[in-house]
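First chain A sits with chain B, and in the next complex the same chain sits with chain C.
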Partner chain A sequence: MDLGFFAQYLINGLVQGITYALVAVGFTLFFGVLDVIKFSHGDVLMLGAFTALAVFLGLDQLASPAWLSLIIMLCIGILAMGLLGALLCKFLVLPLKESPPLNTLLITLMFGSVIREAVRLFFPNGSNPKPFPALLPEASINWGNLNLRLDSVILIITGALAIVVTHLLIQKTRIGLAIRAVAQDEETARLMGIDFKKTVLVTFALGSGLAALSGISTGLYYQEINFSMGLMLGVIGFSAAVVGGLGSIYGAIVGGLLFAFLQTLGAIWFSVPAYKDVFAFAVIIILMAWRPTGLLADRSAERV
Partner chain B sequence: MIKFQCMSRLWVLSVLCLFLTSCGEDSETIKITFIGPLTGGVSAGGLGGRNSADLAITLRNQAPDAKYKYELVSLDDECKPNVGVQVATKAAANKAIVAGVTHYCSAVAMGTVDVYHKFGLPVIVWGAVLPDITYGNDYLEIHRVNGTMINQNTVAAEFMIAQNFSSWSVIHDTTDYGKGHFKYFERALSESGGTILGTFGVNPDQQDFTAELTKIKALNPEVIYFGGLAPTGVRIRSQMNKLGMTQVFQGTSGIVSDAFIDGVGNLSEGVLAFREGAPTEKLPGGKMFMKAYEARNFNEPAEAYGAFAFAATNLIIDVIEQVGPDRKLIRDMLNETRGHESIVGPVTFDGNGQNTIAVITKYVIQDSEWVVWEDSEYASGKRFLK
Partner chain C sequence: MATNRVVGRPFCGTRVITMPDFKTKLAILLGVALSVVVLYGFLYLEREWEIGALLVMVPLGVYFLRRTNALTYYQHAAREMPRFTWISFVLGAVVLIMLLRHDDFALLMLTTVLLYATVSLGLTIQFGFVGVVNFSAVAFFGIGAYSMAALNQHFVFLPDLLIIFFSGAISALLGALLILPILRTRGHYAALITIAFGILFRTFLEVNDVLGGPQGLKVPALEMFGWNFGNSFPSEMGGGSFYVAYAIVALVLVAIVYLITRLIESSWLGLNMDSVRLDEVASAAFGINGPRWKIAAFMLGNCFAGLAGAVYAAMYGFIAPANFNLSDSLLLVSIVLLGGIGNAVAVIPAAFLIVVLPEKFQVIQEYRLLLFGIVVILILRFRPSGLMPRGLRQYFAGRFG
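Showing the complex of A and B:
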């Protein structure tokens, strides 16, 4: 294959892979601290994108410059979803902590449906795909057959930075230490004086904020969002987290990139590219059968 | 206890009375159903059709010589076959509804023809173009005023070859609609001497097409043919730009809508598409229709197939005026339609209920508007397809 085309596939895959990894990191964080699967994660992502869009539409009326709109919508979208994540944890997840895990799984699944249907019904004309503003620079460079666009590069760097910052937050800060302690052993962490509830709420806010960033990135890249965009992204993000190893941030990154790589490979191999998702999920199933705890997990197998 | 029994009898009686009165009211107006996508990505076409059917009903209700009063029951099929079958069953099972103006999406129309046949509800398809909707069965209930994709693709292939294009890559959605377009375009192109370098069946809900488009970029065709509807078309055309692709984008009747131009913005320049019939303003009764439509101040434009929905509704009403509100009589009368004057030209149904329209119009987007090819600056040589 021509080097230019190879690089083009790589860049396309990287943009998608980083999006998936951002979602997967959220799943991995929630599972790490509380051993729960939050199935409304994809819908929180979608709501983050719609919140940002609503903020943009408001700012557009005030004739705000594009860069300022972008920063404000990113901040509000991420903070709002962080808050929603913390509230969801406080009122739906934590009260069910002692009940069977299936209950948490179901209640978050239902909460996701509520978010989805609410956007569909209450956002103006919400059942139709919404054009998302192209706020990133559209400059591009041609190297042979590779067309490298600045917006793709910015999205890859932003996503990677977000993951690095999350990693540093967990490894280098006091709250990160608390998160790791709770993840390792909740009882001992409590005995050492760690505020369990606060730690869990911060983790949920962090994961949900990352989902919002992922949703806004998707909107900026494809210039379109719709109320059901979180469904597939949620399933892919979850699969990526599981195959990488639930509880491991590196695992989530590897899982996200692997899934995007498999999809790209599927699209290249099959004459009907609609099969690419079938192919990617089939490989994920095989990998899960081979390594039930995930590719990079060091914890014991915990089936969900 | 006796008092309670009396009270309950009285209550049952009053409910019965209310029921009978409401039944009486129903029988005074004749109900016709309109089914199309009123929400979702292709709702622009559906809403235009709904408004047009509604216009036909209103105009007839205002006519002094009409024998009956008519009411339109609008249902949303969301352009999804499963939803389509649900609403089609709901309409067909309602005895008060005597006929239907149904479906913009081919995949939905294909799924519902059996329902109409089973319940004996005569319908006229107003927008879906897959040939099998009328030709894939021998149901007496199914009719269609608009043409099929066979004629559309024959004209498309011959036209493009005449413009000196020789190589294509095809992207089509994997619904009956997209697959049908690919099938007939491939057949027409092989007869005209063009080459298809690669074919890609994609999911209509798919968001990312960069992998497929990179593969097409490597194949380096002159034209990208897209068989599918506007939302997917918008994504593909936008993402072509992301990969620096400058091929000519050739679509089908499914993208001939303002929604496509709004979605892709400036990238729409020079996009080609083909559609049965003539542009609304050039149809025999197009001017009258446009004037009446504008007078109603609908929130949405009539879109490309509005005139067909209007013609289908009018045809049904004309038949009801002749034979009365009886499903079987309406069905038989519709099957005998020959040279019926309508705003889309004379309607003649063949043995399968298909209107024998053969006119196909070629369109190109010029300055963010769908322009008939012959009237465009591309045809006069001022601009060139890149």
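Showing the complex of A and C:
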């Protein structure tokens, strides 16, 4: 294959892979501290994008410059979703801590469908796809078959930066230390004087903020959002986190990139590009049969 | 000569009630009659305030029955004579179908409830007995439906009854593809595999031209025992919508599947399955082969889903990928959870609530998914064991068979 095409696929795959990885990092964080799967994650992502869109429509009235709008949108979207994530954790996830994991999974799934339905019903004309403003610079370089768009590059860098910052936050700060301690052993962490509840809430806020970021970048990239976009992105993010190995940030990154790679590969291989998801999910199932705890997670022996 | 039976848990000693045979039967029949009246009301009434009044009255009635110990008495009776209870409820359902025989829409809802209950019984075996997660129930339901359509198209000579059985078998066999990954993974990892399978199945249907693509497939009406199910009943037979025949088939299906589920539960099979769910390592130490029970439950549950899917396809006459979404799988899991996980009886009222209520409140039609989500969240938050939690296993009193 021609090198230009190859690079093009690589860039597109990277944009998608980073988006998936951002979602997967959220799943991994929640699983780390609380051993739960928050299935409304994809819908929180969607709500983040819609919040940003609403903010933009408001700012548009005030004729604010594009870069300022973008920064305000990002801030409000991420903060609002962080708050929502913390509230969700406080009122729906933590109270179910002692009940079977199935219940937590279902309650968050249902919360996700409540968000989805609420957006569909209450956002003006919410059941149709919404155009998302193209706020990033539109410059692009043509280089043989490669059409390198500046916004792709910005999105890749932003996403990677967000993951690195999250990683540093967890490895280098006090709250990060608390998160790691809780993830390792909740009871001991409590005995050491760590505020368990606060740590969990902060983790949920952090993960949900990342979801909002990836929602907004999806909107910026495709310039369209709709109320059901979170469903697929959530499932893909979950697959990425699980395939990488729940609880490991590196696993989430590897999983996200892997999923995008599989989709791209599927799209190239099959004459019908729609087979790409069938292919990607089939490979995921086979990978899980091969490495049941994911590619990078530690293989802990079962305690009896 | 009326033999007196000992009811209750004989070795717990707290309460031993003796009651004569005919009183037991009377209690069961009264229970059946009451259920038929309530369900008839649900299906027949159309105005929102009437349904609303019924919704208020039912919990009040249950509270009253509980306070007067009538409910306990009935539960003892049903536990004492499970076979009589089963037969009475099946006959009660026949009466219900006959009462509704001219009402197309009510029968359609009733049949859907019965088919969903069949799938949920399969999920009860998977989630409730062995503890194997399955978030792709609708995929197996869909495999049954598509098998029905495809076999009907290509093997016209096969009798429809056989095709229904084949559809169940195909569903179980395709499910067998997932056995290896499911046995090797646990918890959330296993959940992902079934979710991925559900999405894979739906996407595959959409992009695959052989099975009709996104437009779906037509399915001819069933033909069994010389009767074409597409015909309505002539007036000399008392008249009635063509849905009556489907309702009866669905009823037979759910009755048999329920019987199988209860037989499993009350026998050593169920005991082994429960022990695998509660602690796989400990039960392995007692020589119970965990993987074997997981495989058995997974395949049996998927077979139930396939059978129900085949009847569903024939009844609707048309199937498309859009009927088999992840959210439908979640709906089925919510039925099991709402009823009370592992309790086979509970799936029927739970299926009723989840299928019929949204159809009845047409005013809130637009908001029904929203309200449904909120209701399930409230149930999980405040009554996580479901409306009818599974009782303690009984080792001595009352058995099937």
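Here is the rule we use: the second predicted complex is superposed on the first by the 299 of 304 C-alpha atoms of A that agree within 3 Å, B and C clash if a C-alpha of one lies under 4 Å from a C-alpha of the other, contacts with A are read in each partner's own complex, and residues count from 1 in each chain.
Keep in mind that, in the parts below, a contact is a pair of C-beta atoms (placed from the backbone, for glycine too) under 8 Å apart; a residue touches a chain by one contact, two chains touch by 3 or more.
Please read these numbers as outputs of a predicted model, since none were measured by experiment.
Student: Please tell me, clash or fit, for chain B and chain C sharing chain A in the overlay.
Tutor: They fit side by side.
Student: Using the touch definition from the top, say if A:267 reaches chain B (first), chain C (second), both or neither.
Tutor: In the superposed model, A:267 contacts chain B only, not chain C.
Student: One more residue to check, A:87. First (chain B), second (chain C), both or neither?
Tutor: A:87 contacts neither chain B nor chain C.
Student: Once chain A of both complexes is superposed, is A:113 in touch with chain B (first), chain C (second), both, or neither?
Tutor: The second partner, chain C, only.
Student: Is A:292 contacted by the first partner chain B, the second partner chain C, both or neither?
Tutor: Touch status of A:292: second partner only.
Student: Does the superposition put A:223 against chain B (first), chain C (second), both, or neither?
Tutor: First partner only, chain B.
Student: What is the contact status of A:105 with respect to chain B (first) and chain C (second): first, second, both, or neither?
Tutor: Touch status of A:105: second partner only.
Student: Working from the superposed arrangement, determine the closest approach of chain B to chain C, counting only CA atoms, in whole Å.
Tutor: 5
Student: If you lay the two complexes on top of each other, which residues of chain A touch chain B in one and chain C in the other?
Tutor: 272, 274, 277
Student: Taking the complex as given, what residues does chain B use to touch chain A?
Tutor: 39-41, 43, 174, 198-203, 205-208, 210-212, 214-215, 217-218, 231, 234-235, 238-239, 242-244, 262-263
Student: Sort out for me which residues of chain C touch chain A in the complex.
Tutor: 127, 133, 178, 180-181, 184-189, 191-193, 195-197, 199-200, 203-204, 206-207, 281-282, 326-327, 330, 333-334, 337, 341, 366-367, 369-370, 372-374, 376-377, 380-381, 384
Student: Within the complex, which stretch of chain A touches chain B?
Tutor: Per the touch definition, chain A meets chain B at residues 1-2, 5, 8-9, 12-13, 15-16, 127-129, 131, 140, 142, 145, 147, 149, 152, 218, 222-224, 226, 228-229, 263-264, 267-268, 271-274, 276-277.
Student: Under the stated contact criterion, what part of chain A meets chain C in this complex?
Tutor: So the residues of chain A in touch with chain C come to 31, 37, 92, 95-96, 99, 101-103, 105-107, 109-111, 113-114, 117-118, 121, 231-232, 235, 238-239, 242, 246, 272, 274-275, 277-278, 281-282, 284-286, 288-289, 292-294, 302, 304.
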